[in-house]
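Following are the structures in question.
Look for chain A in each of the two complexes below; its partner is chain B in the first and chain C in the second.
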Partner chain A sequence: MKHEHAKTATQNACKLCNPLGACLAFRGIENCVPFLHGSQGCATYIRRYLISHYKEPIDIASSNFHEESAVFGGSHNLKIGLKNVSEQYKPEVIGVATTCLSETIGDDVPGILREYRKEYKNGTPMPILIHASTPSYQGSHIDGFHAAVHATVKALAVKGTPQKLINLFPNMVSPADLRYLKEILGDFGVPYMMLPDYSQTMDGGPWGEYHRIPPGGTPASTIATAGGAMASIEFGSTIEASKSAAGYLDVMFGVPAYHLPLPIGIKGSDKFFSLLETLTGDRRAEKYEDERRRLVDAYADGHKYVFDKKVIIYGEEDLVIGMTAFLREIGMVPVLCATGGKSGLMKKRIGELVPDMDELGIKVREGVDFVDIEDEAKTVQPDFLIGNSKGYTMSRKNNIPLLRLGFPIHDRFGGQRMHHLGYRGTQELFDRIVNTVIEQRQNASSIGYTYM
Partner chain B sequence: MEANRIFPDPSKVREELIQKYPAKVAKKRAKSIIVNDPELIPEVQANVRTVPGIITQRGCSYAGCKGVVLGPTRDIVNIVHGPIGCSFYAWLTRRNQTRTESLMDENYIPYCFSTDMQEENIVFGGEKKLKIAIQEAYDLFHPKSIAIFSTCPVGLIGDDVHAASREMKEKFGDCNVFGFSCEGYRGVSQSAGHHIANNGVFKHMVGRNNTPSEGKFKLNLLGEYNIGGDAFEIERIFDKVGITLVSSFSGNSTVSQIENAHTADLNVILCHRSINYMGDMMETKYGIPWMKVNFVGAESTAKSLRKIAEYFGDEELKARVEEVIAEESPKVKAVIEEILPRTKGKTAMLFVGGSRAHHYQDLFNELGMTTVAAGYEFAHRDDYEGRHVLPGIKIDADSKNIEELKVVPDPELYNPRKTEAELVALKEKGLEINSYEGMMKQMTKKSLVVDDLSHYESEKLIEIYKPDIFCAGIKEKYVVQKMGIPLKQLHSYDYGGPYTGFEGAVNFYKDIDRMVNNPVWKLIKAPWEKAGNGAGLAASYVTQ
Partner chain C sequence: MDSIGILEGRQKQIFEKKSGATQADIACDTSSLSGSVSQRACVFCGSRVVLYPVADAIHLVHGPIGCAAYTWDIRGAVSSGPELHRLSFSTDLQEMDVIYGGEKKLYKSLIELIEQYKPKAAFIYSTCIVGLIGDDIEAVCKKVARETGIPVLPVHSEGFKGTKKDGYKAACHALMQLIGTGSTQDISKQSINILGEFNLAGEAWIIRQYYEKMGIEVVATLTGDGRIDAVRRAHGATLNVVQCSGSMTWLAKEMEEKYGIPYIRVSYFGIEDMSKSLYDVAVKFPERPEIMDAAKQIVSEEVKTLYPSLQKFKKALTGKKAAIYVGGAFKTFSLIKALRSIGMSVVLAGSQTGNKDDYARLKEMCDEGTVIVDDSNPVELSKFILEKGADLLIGGVKERPIAFKLGIGFCDHNHERKIPLAGFVGMYNFALEVYQSVMSPVWQFAPRKGGSL
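Coming up: the complex of A and B.
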């Protein structure tokens, strides 16, 4: 099959839609129900999709558009929906994200929310209503994620008394990563506001009692204090300025914003820990020095397996950028860095972290699908692929091993518990990568060595 | 677990389910929560809109059309016209399998084609991009067929997918291109999408190839989507018995089979909800009767095979059916005898689909388990009460929006396979032709029937009945399991299956045994086991 021509349609997409990211981010606010203004199918599809990765229930309400709401506007349905969710769940926050349907007909959601607040100010419980504009025909899931975080901060943060508080915007990382980040901040002894925090809501225990909304998430009252923080740290270097929560707090309340790539690898993690040391004036806890030492030791022990191995890495831009820096650190060559996103920034950002990318023949492509990636694979001949479950079709067809990473992972168990960030996350990633190589070599051996 | 359980009084359960609703909502929900009586069969309110803000199990029209009905045919290139999400979420999501005859055969199921509409397509129209996408798919594969599926914005911006399809079909000459107006806001659930899909397949595919099909006993299998390989097991049994499967709608099917389907002499229907329109239309146009069967459950499979043999009225076929049943039964018996002592007396609840909640009760019966409550996500009254209620169903605005094809007998191809007298004779032998008696007739007296079960109601039912297993889909799975009750997914089969036929029954017995008798549940304390936390569920919600 030949794809020598540039194509217009997308085949086997390497991105999901905008509202999905918003629903996940809203799930990281305490006592919050995500709500999609559109057809019920959007909520159903996105629920089943998130659930297949996280193996956790997620309720997403919908305004259940029908033919006449599509024609005459969805205001009536949105109000009924908000009222029912308020009475049924008694949430503190409802995060309303739009869909292609409500955006196409041009519903004025902020206006409808204002009307709703006025109409129901007496009697019905009135949660905080946050609106994120997430038309599915723009960007991808990661844009919806950032849009929801930005909208939340915009709705809640106020100019407070300056205090020793750090805002952390961790990007779309795993619940395990979020727990680790909280542990780090906790060990620094610094109060923090991390948004979103779905570490418990999307990876929790059995319910000893009935829960309408699972426990966990960042309280609205904590988010309100973000305006008085001493600094914001935002992971990710491709976030659009209009969707950067840290950028917003900087402009509105003068909270200094520090943008770091996702801290994957020793250098990336060092930057994060150093920044925390600078901001808090404290040394990191000894256990992190230990983690770092063990990681350096592991690099030394495992370098022979991975050095010069060629990989294709794909996923959200910021994940790909962070991973690329790490892969270079351990001597691997990410011959293709690919994303379905279209920030236009990925090549530049990778260049900042990997200055010799051109000499190494590292190719960066934005706005691609899996058919494009597969075409590239035929030329670059990678040793394996790193990315989400959707690369499996291509992996199987071309007999290239796939190391699963990112979202969605629905053909392996425990995607929500995988670490990627900091020394601990890097250690786990490094072990997995080395083992992928070893397994490949062992399977290819005709003797069946048991020492590898 | 004790073998003979005392069940709560269902009318009291019903009262309890609705008592905390506001009066208006209680009135509405009361019509959808019914205490069953198989003799009288009370009316169930079904296929009505879900109230906004209520978390429903239901999906959309696009899901029913592309995902369910059209998805399993392997050699149609399906292009989703819209933003990327809809195509992505339906990409290999339903586990419909397919088996090509050779490696060279076309199979487009693993592909996910989308026009990936961007803002400029919404503003200036997306037809041009759609036509390019169709051209690209054609250049790439030269498929027999390309189908276009409209998602929400398409209808609103006025893209005419039908005109674009016609234009491209004429241009290619050797590729059948057709479109579906299955925007997600149409109808009240995925059920609307099934109907739209039936119409399109009937209009654009069935009857295109009049080559007489080979075989003595020729039938089509309708409403079987080959989840987890279900169709393979049914095909295996048909082969063994000597029944020719002309076409399947649509598990493991191909374009040419569907185009030739009208040459069969019988349509057997599994999922009545999603495909009954096709049965009716083929009956009217070609004179092929349809018959409801069920291949879920070993006994149901045997019964369905006997019904098919009776329909064809051939002694040799009848004898062969008995031989096959006799051959297949011992291995089923061996497994159920081993498992039954561990499952007997346990209870199940099924809230799923538009047929599955009915069919799977047969398997639970075989396991000695009682279905205490059941209901559908997107069924209509006839799926609950039987088709005799059809003339009395009020057509509401949502149903009116779905086209009813005007079908007349084909001047050349109409050929009634059975005379009126033969149909009467078959009916006397107990064969219901062109008819379905629904789920409730088979359920025990005083079991509970609930349509479009809400989140609150499911928690309440679990609390009251404490069932040993709950059957639904992935959206419900993890919330139910957090309460310490295993949930069996009957959409994806928890990635297992097949569950049809004789081999499928064995798989199901083993899977259910593994679930209900698993030690992990002992580690989870259910909410009702916590002192003083029995009736703590607030139901102050839902106002229209």
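Coming up: the complex of A and C.
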């Protein structure tokens, strides 16, 4: 294939690095401090990047590598760092994620943590130490996210007496989505263990004083019960087996694992609700029937605006897959499904949900950057783009509207409060999509209709 | 002062001005403590911010994707022409590159990017692991420079090899390779370079206009709205005018040594410092008294319109208290003065990278009871902000949510700003922003004002 631009370098990346995802996931554990084993800059850049989306303070500690640490190993710095964080933050959990630096010099982090527990067992508070391996030269931020969730479950879950408990691994979704999921599980009246849960830590209320660690998150004691759950539900169909928390619980404790795509769209949401009904033996609450009815009604009201509209959707693989299924059920054509990730599974998974993808001309590309997407846009001529804020550069340059969702939303307000999942999230997405089309038409019209 | 459990190693980086207190020097110029949540970044960050605004060069980050992704189009540094600086290029090193080395990928990336974008130069930033895997960046750069005919400059910015300041120095070192390679023909005797001005929201244009109005030629701005050809002939200027001293003093000193160009430190924030930066330049050209006349003329005209427009803000803000935590200490000095001119006092002042002299001067300037911090963190900053009852925090992106969580106003004085705060017009914008944030009625709902939690 002939490309119009330089291919070797990544230009305007459509992904972030591994440790970012881990920090976010660790933020979803109660009383936990994310800790990066590497240079100061990693923690600072990631904090800055997360803050610009969530508008919340986020403290990420760092072992602040210096030249000596790079030469002689980061063991000393890591231990001092853990001690300092333990004393100053008094956390229950420290989530240690590695960086390209500590991985490249080959620090044996599990070994160092074992030593630390021994050396500091007297006199210092001893938090639970979790280690996720997140070298930035592998995968992208979503891999770090799953690695941290997996590492947490591995560190904390124990074989418990089987109980009526559902584990939910929601994937990297918004705080608003997480709140909605908790509402659903709450309404089913079933005890649950959702990990991570940064619905409050990354979107909370005002403070009277500074909280070293913001309130919220799933308690370590709840995570410990995951081994005795009756089932695990994991959103996402591209998670590597070695990073699947649900898979781990299945293998280790025989907790049945149910893998669902992100529940976006009516069919996707139906699957999720049906599964909950099967697992709990209860019907969904009437209000969800209502949400569904309103959504079906809205589809009817808005269908003509969106039918056959061509879009490019980009982002994390599982978000793209979930969105693609939804876009197909409203008659839109995602002419390009793109991701910076490289799971190797996206095309297969989309094919499972959209069997006629080839006839429809749906193209799937992994490992792309925004310059690749821009090149594709020249051929596929989309009506608009759907994805995070980072597509704005090409959106503006090529005069293609951008509908923002996912992470990061750096150029609009309220990204943390956007819904994507379930009937409610689908409703919000559908309204926004229809309005994008209407606005486009209205602006393009020379008449200036006041109702469309 | 240790009720919040200030880390043992940090106590010397905090100082509260009290009469009769021992005047111990504040500890600074140190690396951040392991495990503290510093507001600082790394060596790479220092290099990246300094060189970022050079708009007709490509900036290739050699390493895994993060460093390039997090610095893609993040500064408000604008260009009047090419905008290559707003693109993000990375060698995006993968595991195999880490094992077998990244030189080939770097070489190929460079050749392709230069072919596609036709830049005037290329800066290659090395990140943490590049040194470890043993890539010979210098050799690759030399080879590519030979083959493409443009300067290809390595920037040794491995994140862990020092602090942000070392990154500034690495960037300045790269700039020194360019300076002296252009023709200085036709450069006026009355000429300057503007150093340490990054053209955030067009600030360099404002400053440049003042100097040009005075009859002074501006040879190069380093690096705001930067152009490689201008940098190459910067050694033809008579004087270097340095703002953001933290990042550019090293370059000024090098240029003084190598080309005999003297330098002065200035600041463009606030009426007082802005005016002074025009006068201080004018006195360097005594052979042309009309320059000083023009400077006086500019100041008098600007102040005549600015001063009355500030009174509304001053009236509202008198008695309000501010906390300042920014990158460089020099900026802190100006902000203290600027805040005073609109009736506000400063209860906390600090910087990420100030040096001993800076802090000594800060102590002198500050009022009784002001807390001075070096390389602080959110816990400390919050403690002092609440304790001192600040109504405003001035800082960057990472400080913003701290202020808003605690329910106090905030003024963004960092790389991302979209409104110019420098120059006389900048003083107006600054006062307006402070006013709009401090006086907002939304704070009535904040817990510190009695709102419910």
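What to note about this one:
Keep in mind that, in the parts below, the second predicted complex is superposed on the first by the 444 of 452 C-alpha atoms of A that agree within 3 Å, B and C clash if a C-alpha of one lies under 4 Å from a C-alpha of the other, contacts with A are read in each partner's own complex, and residues count from 1 in each chain.
Assume a residue touches a chain if its C-beta (ideal position, glycine included) is under 8 Å from a C-beta of that chain, and two chains touch if they have at least 3 such contacts.
Since this is a predicted model, take the numbers as computed values, not measurements.
In the three-chain model built by superposing on chain A, chain B clashes with chain C. Legend: residue contacts after superposition of the two complexes on their common chain; A:348 is shown touching neither chain B nor chain C.
By the touch criterion stated above, A:80 is placed in contact with chain B and with chain C alike. By the touch criterion stated above, A:287 is placed in contact with neither chain B nor chain C.
Using the contact criterion defined above for the overlaid structures, shared-chain residue A:66 touches chain B and also reaches chain C.
By the touch criterion stated above, A:114 is placed in contact with neither chain B nor chain C.
When both complexes are overlaid on chain A, the residue A:52 reaches chain B and chain C alike.
Taken together, the two structures place residues 7-13, 15-20, 35, 38-49, 51-52, 55-57, 59-67, 69-70, 77-78, 80-85, 87-88, 99-101, 104-105, 135-138, 140, 206-210, 390, 393 of chain A in contact with chain B in one case and with chain C in the other. Residues of chain B touching chain A in their complex: 49-63, 79, 82-91, 93, 110-119, 121-122, 129, 132-133, 136-137, 140, 151-153, 155-157, 183-186, 188-190, 397-398, 401, 455-456, 459, 473-479, 481-484, 524-525, 527, 530, 533, 536-537, 540-544.
In the complex of the two chains, the chain A residues touching chain B come out as 1, 3, 7-13, 15-20, 35, 38-49, 51-52, 55-57, 59-70, 77-78, 80-85, 87-89, 99-101, 103-105, 135-138, 140, 206-210, 390, 393. Those residues of chain C whose C-beta lies close enough to touch chain A in the complex are 5, 7, 31-45, 60, 63-73, 86-95, 97-98, 105, 108-109, 112-113, 115-116, 127-129, 131-133, 159-162, 377-379, 382-383, 386, 397-398, 400-402, 404-407, 445-448, 451, 453. Residues 5-13, 15-20, 35, 38-49, 51-52, 55-67, 69-70, 77-78, 80-85, 87-88, 99-101, 104-105, 135-138, 140, 205-210, 212, 390, 393 of chain A are the ones touching chain C in the complex.
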